[in-house]
């Protein structure tokens, strides 16, 4: 008896005009799993995530979340985009509340979560500032906080830490792991940074470009918290690097 | 490249003032020396004297300048406020909802190139002579920029921000109110400012419609009576009030959009 | 398949809206007898061709208005871009004359009509040209100056490192970069300009579309004639704007890249 998968992609194909972007991709992601999509830049990873949340319609194939077609209005999911995506007209605090208000969550609960998230992303003191007054990396922290605030059971992250300095990245990588453990959510995380993928995920899906397909699915059994300089860690990292280099 | 970093503050002020002094100086001089007939141009000082006089004197146009000014203000504000109340929501809807766009755009494109003044004969027939007809002409003039700017503003809403709200489960209405409208606000304000400019600029023409009071009427009467001082006084008051109210709108804009120009 | 059908629905909406506009017009004319219906307007147009006002065929009126706007537009473009460039690149000139320009700017073009008539008389085209010129030039000066002073510093640095002098920078970098803004100013100016044409011709003229519109108010109101005038002025102004857009596209082919 197998458990119903959280996300199930069935023979996904996407064409833009004559251009075949995604060719017949199928996979399942278990409830509570942390999966990284790894692959070179421009291999259609973003298109792929967009399909998962129905921002674009597939040419053929299906995406099921909890066994039903994906629908952001029904599912409690959250998306962290690659581009800066704070709302410039809202203060830091109101940005974090945005998704919660869309979901019409109770006022007290919103306030409680907002305090918690502000603390976590270290912006409690700047809560009344506008994003335009902060640095780019602080802006990205707001975006991540906004997503976490939903306590999503499916979290999709598209290279969220791309523009950050190393220290902050390590901190936020641990933060996403903490959130994952606390909320038992399912996370799909896109990155081209292999070390990051190995550090975070239980499983890496290796993608190839033109058209995008999934070449391999690599289990990562290392126990958390992981040590980036441990020999097993480096071995796994090298293994994935080699796979990507080959294509 | 074209900056002036090396210039001192005193020099800047001097240059600013010298241009204005030259302008008014030459103007005074030309009149004082009799180079231009007084039936065509009067000196700035004479305009000021006329202003003092017109505060109480009702000759030749039947009212003091205060009455003219208040009447014109009332007229412009009616037309302008109505055009904002109708034009802004219309532009926002046209820019955000495709059916609304397809439905209203053709009508709007047909009406847009018509100069507001061309409506005068029709408006007189339909609304009669009076404040309604004048306010309507001003409304038409102010309406177009309101619609265009709101429309352009909301169309430029960032796709990423819409996607953020969409993936959080926002409905079409929520997208409109929580993402579209705030995104469009800066452009909406620009439109409102341009609208006000058009409304104020159309005043003189609107008051050509057989009115008996108002700044536009006053300068028409000034021309008929060959009183360049009255004409120039009217132009100055129109210019000053226009500039003051535009300034007021800019202050309102800053208050309403605190997230703009932070750096 | 379903996509094709959706587009059809939107087309129907567009057609419906134009029909609705005509219907409202027609209904209004049915309620108010002195308001001409669409049919009467078309009929009036043909009557105008057979039976010219003051012996002048329609083409004379159209050409008169076109001549006035084009001459004034040409003069205002040359003067406006020149003035805007001067404000943009000569700090001393800007410091001295921007304040003067700023106190003249808020005076609406139509408010100049009485004084211009006092100065240049009501008869003849001089007054009209000047009124229309004032209507057009303001927006061109402002847009030219604004876009020149907001040229991306990166472009200016690039030109400087390539050894361009001030004049070369202006001709090869600043001006081309400002063309879209200048054209936007021209378009804004033109719509004010058409308003000035109508105003000037309504006040005193023996021919022109504004003259036709004014004639419609004489003795018994002839709203059909006004509608003819409205349609003519709308068509003429759309035509001029269209030609301007074509020129703009020829001058800056790179802008097409932005069109979705």
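Chains here go by letter, A, B and C, matching the order in which they are written, and residues are numbered from 1 within each.
Throughout what follows, contacts are C-beta pairs under 8 Å (C-beta built on N, C-alpha and C of every residue); 3 or more make two chains touch, one makes a residue touch a chain.
Please read all numbers here as calculations on a predicted model, not as lab measurements.
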item: Pairwise touch network: line, ring, star, complete, or other; value: line
item: Maximum centroid distance from chain C, chain identifier (CA atoms); value: A
item: Top chain pair, ranked by number of contacting C-beta pairs; value: B-C
item: Centre-of-Cα separation between chain B and chain A, whole angstrom; value: 50
item: Inter-centroid spacing, chain C versus chain B (mean Cα positions, whole Å); value: 17
item: Interchain centroid distance [CA atoms averaged], chain A/chain C, Å; value: 52
item: Chain A contact footprint on chain B (complex, rising order); value: 158, 160-161, 163-171, 174, 178-179, 182-183, 185, 257-259, 262-263
item: Footprint of chain B on chain A - complex, ascending; value: 53, 55, 72-75, 77-79, 81, 83-85, 87-90, 98-99, 101-103, 130-133, 146, 150, 156
item: Interfacial residue positions of chain C with respect to chain B in the complex; value: 10-11, 13-14, 16-18, 20-21, 28, 32, 34-35, 88-92, 95-100, 103-104, 106-115, 117-119, 148-149, 153, 156, 159-160, 166, 169, 191-192, 194-195, 197-199, 202, 210, 213-214, 216-217, 221-223, 226-227, 229-230, 233-234, 237-238, 241
item: Chain B - residues contacting chain C, complex; value: 1-4, 7, 12, 15-16, 18-20, 22-23, 39-41, 98-99, 102-107, 110, 113-122, 124-126, 141, 197, 200-205, 208, 216, 219-220, 222-223, 226, 228, 231-232, 234-236, 238-240, 242-243, 246
